[in-house]
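Naming follows writing order (A, B and C), and every chain is counted from residue 1.
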Amino acid sequence: MRKSVKFAKIYLSVVELSGEIGLYYEADSVIHRLDPRVKLAWFVLALAASIATQFDGSVGVFVFISLIVGIVLARLSLARLLITITYSVVFFIVTILVWASFYQNVGRPLFYIGFANLVVTDVGLLVGTGKFFLIVNPITAMLLFFSTVKPYDLVQTFDKLRLPYKAGFTLFLSLRLLPVTFKELKEIIDVQKSRGIEVDSPNPVKRIAYTIPVFVPLIIRIMSITWETAITLMVRGFGAGKRSYMKPLNWSRRDTIALVVLAAFYISIIALKLVGFSTYTYVEGWR
Amino acid sequence: MSEVLIEAKGVWFKYNKKQDWVLKGVNFTVRRGEFVGVIGESGAGKTTLAKHFNGLLKPWRGEVRVLGMDTRRVPTSRLARHVGYVFQNPDSQIYSATIRDELSVGLKKLGFKTEEIEERIKWALEVVDLRKPLDISPHVLSFGERHRLAIATVLALNPDVFVLDEPFAGIDYKRSLNLLEIFRELTKKGHSVVLIAHDLQLIAELADRVVFMSQGRIIREGTPEEVIGDVAFLESNGYIPLQVSVIASKLGLGKVVRVGDMAGELYKRMAP
Amino acid sequence: MSEPAVEIKDLWFKYLLAEDWTLKNLNLTVERGEFVVLMGPSGCGKSTLMYILTGIIPNMIKGTIKGTVRVLGKDILRLQPQEIVRDIGFVFQNPDSQIIMPSVLEEVIFGLENLGLPPDEIRERAEEIIKYVGLWEKKDLSPWSLSAGERQILAIASVLALRPKVMILDEPTSMLDHRGTKRVLDLLDRLKRDYQMTIVVVEHRIEWASEIADKIVIMDKGEFVAVGKPSEVFSNYELVKRVGVRPPMISEVFYKLIDRGVRVDRIPVTAREAVELIKGRLGGGR
C-alpha cells in the first residue's frame, strides 16, 4: 500500500473515531451521567498524579489502570480502547528504550537487549515506564473527558468554573474543524492529481516535493473556513456577555461522592510519592 | 459518428464497502466535439461519475475507457493530458508564488519547451480575460480572478476533454456565458466538454446533449428541449424549470429552453 | 410610520490597504417590511455592503468609512456586535461554515444562550422557529446528516431565533441544488408574508426575485446604478446590458424582439405577466 494511502487511512480512522463532530461518544453510562465538572477534576487530578509519578512507573501504572477502568465504565467503543492501547504499546517500547539507555549505569541491571546493545536496570525501567505514563495518562484522561462530555456542556463547564469559556470553546471548534479539514485535504489531492501532479507518487523524494501543492491550498482553505466560522460566531452573538443555558448543569450527590473518591485516590498517590513511596521498593523489601 | 473519447460501461461505484452504491450501472459516452450537460440533485452521483473520467475514482464493476485506455491501468497523471478537470473552488488548486508558475506547472510536466509554455500561458489568460502581470502572486487576485486563473491552467494543458464541475461559483453571469462560449468554440476544434451545473439556462444555451442523473442512475438523456424543456419532469425531480419553458408550455408553444428560440417563436406570431 | 428599516446616506468605504473606494456615495432607503434584491457583477461591492450592514465592517474588518448607515434609526457603525445581532440577522453562502453545534436543536439555542436569555424563553423560541422552518422531526439529528439545503435552512433558523427585524442574506442559495434553493426561497417568501420582515438579499435567481421583490438594486463598480421595482429596472434594456446582470429570461426574450423591430408597450418580468401580455397580443393580432 502506498504511504499516502496509508496516511489517509490512519487519518480516516481518527476522524471516524472522533465521530462527526469532536470526540464525543454517545452512550448511556455512569461516567456520561457524571457532572462534567467532576470529569474535568478527574483529568486535572490524573495529570497531577502523572507528574508526581513521572520517575516511577510502578506507581504511575495505578493511574493508568484507573483511567482504563473509567473508559470501560464509560462503555466507549472497543475501537477507541484498542487504538489507545495500540498506540500506547508502540509508544511504550520507544520510551522504555530511550529512558533505559540514560540509566544504564544506575541501579541493578535486570536484562540486556542485544540488538540495541542496552543494559536495562531497575531504575531505568522505573523511569522509562514513569515517563511513558507521564505522556499516556494525560492523553487517556483527555480522551475520557472529551468522549464523555457533550460539546454542548463543554462551554458550560468552563463557564461555571469561571475559566475562560471562550478558550474551552476554541478547543471544541478546532476539533469540529477536523473532519472539514479532512474533506478539503481529499479534494485538494484530487485537484492536484487532475493537473498531472503526482502527489501520491511512489517516489518518496517526489512526494516530499509535492507537499507544497497540497499544504499551501489546505492552509488557505482552513483560513477561509476559520474566517467564515468567526463571522458565524459574531452573528450569533458569541461572547456578547453572560451566557445562559437551556439545559443547565446540575450537581447531584452522586457527583460529590465521585469527586471525593477520585480526589482521595489521586491525592493519596501524590502524597505517597512525596514521602518517597515506591511500589517497586515496597515489593522488593517485602520479598 | 465521431470518435468516442470517454466511454463508461455499466459503472457501479461506492466509496467504501459499508456504504450504499453511489453509481448504479451508469453508461455514458463522450464523443469528439460534443458538449454534454450533466444535471441532477446534489448526491445524485454527478461528481462521482466525473471523477471516473480521469481515473480519480475507479469503478467497482464495469469499466471506463479514455481514448481506449482503461482507467484502472493508467495513472491519473497520464490521463490528465487528455482530460482536464476544472473544480468548483480555485483555492483548492492555487499554490504557486506567481501566476506564471501556477500556469506552467502542468505544462512543464508534459514536457513543453519554454517558448511554447509562454505562448500557451498568454493564450489561456487572454481566453479567460485575465489581464494581470505574470509575476504577481495569485493570492492577491480576487476570488473571481482566481477562478478564471484556475480555468486558464486547465485550458493551457489543451486536453481533449474538459470536465467542468460547477465551475461558475463566484463568476458573474456575463463572464460565465463568455467563458462557456469559448468552450463552445473549442468543441468546434475537436475538443469535448462535460459541464456539471445547477444552472439550467447555461446548459440549455450551450449543450448538445443533456443527461439527468438521479440516485446514481441516468434517468433521462436527450437534447436540451427533451430534458430541460420537460417542465413536469423537472418539477417532479426537484428542479425549478426555466421561465421560458413554463411560459411556452402555458401558451402551448411546445418545449422551448433558449431565449433565442422563444424570441423566434414569438416573432413569428407577433411580427407586424 | 417610524424610521425606515435601513437608511444609507452618502456611504463611502475603502479597505485598509486599498487605493480605490470600494463603495462610492451610496444612498438607499429600505422601508420596513420591504423585500430588496441586490444584484451586480462579481467585485461590484455587494459583499462589502453586506458586511457594513451587518457590522462585520468595522468590527472584524477595518477600513475608512464615510457617511451614515442607520438601521431602525440606530447608527450601526457605532454599535457593538452584540447590539447589532438583536436587530440584524446575517446568513451567507456556505451552509457548512454556519454550523457550530452537533445537533439541530443545540445549533438553534446556541445564539439564544449567547444573549443570556432565560432557559424557558430559549426553549420556547427554539421550538417555535424549528417548527416554523419544518425541521422539528430532525431536531436531535446531527446537522451533518441533513442535506445542504436543510443545513442552510438551519443556519437561517438559528439567526431568526434571535428575532432580528432585518435579515441580510448574501447569496444564500449559490451553493445549493434546486430542491435546497426552493426551500430557502420559499422560507424567505413566508417570512415576508407572515412576519412582514425586512429582507435584503443578494440573489441571482432573478426570475424568482422578480416575483417577490419590492425593489431591485443593481450595483456596479461600487455604485448603485439602478433602484426600483423589478419591472422598472428590467425595462431599462441598455442598463441591464451594460452592467451585465442577468435579466429574467422573458425580459431577455423581449429585448430580442425589440432588436428585431417588434413594437412592445412594456417588458414583462414574471411568467404570469408574460403569458397575459402575449395572449393579449396574439388574440388581438388574429
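Please note the rule applied: a residue touches a chain if its C-beta (ideal position, glycine included) is under 8 Å from a C-beta of that chain, and two chains touch if they have at least 3 such contacts.
Keep in mind that what you see is a predicted model, and the values were worked out from it rather than measured.
Each step here moves to a touching chain, and the least such steps from chain B to chain C number 1.
Relative to chain C, the chain whose mean Cα position lies farthest away is A. Chain pairs A-B and A-C differ in how many C-beta pairs they share in contact, with the greater number at A-C.
Once the centre of each chain is set as its mean CA position, chain B and chain C turn out to be 29 Å apart. The geometric centre of chain A is 44 Å away from that of chain C, both derived from CA atoms. Against chain C, the residues of chain A that register as touching in their complex are 20-22, 24, 150-152, 173, 176, 180, 225, 228-248. Across the complex, chain C meets chain B through its residues 40-43, 147-148, 174-182, 204-205, 207-208, 244-246, 248-250, 252-254, 256-257, 260-263, 271, 274-275, 278-279, 281-282, 285. Of all residues in chain A, those touching chain B in their complex are 184, 187-188, 190-198, 212-213, 216-217, 220-221, 224.
Per the touch definition, chain B reaches chain A in the complex via residues 51, 54, 56, 75-78, 80-81, 83-85, 87, 89, 91-95, 105-106, 109-110, 139, 153-154, 157. Those residues of chain B lying in contact with chain C across their complex are 41-43, 142-144, 169-175, 198, 201, 238-240, 242-244, 246-247, 250-251, 259-260, 262-263, 266-267, 269-272.
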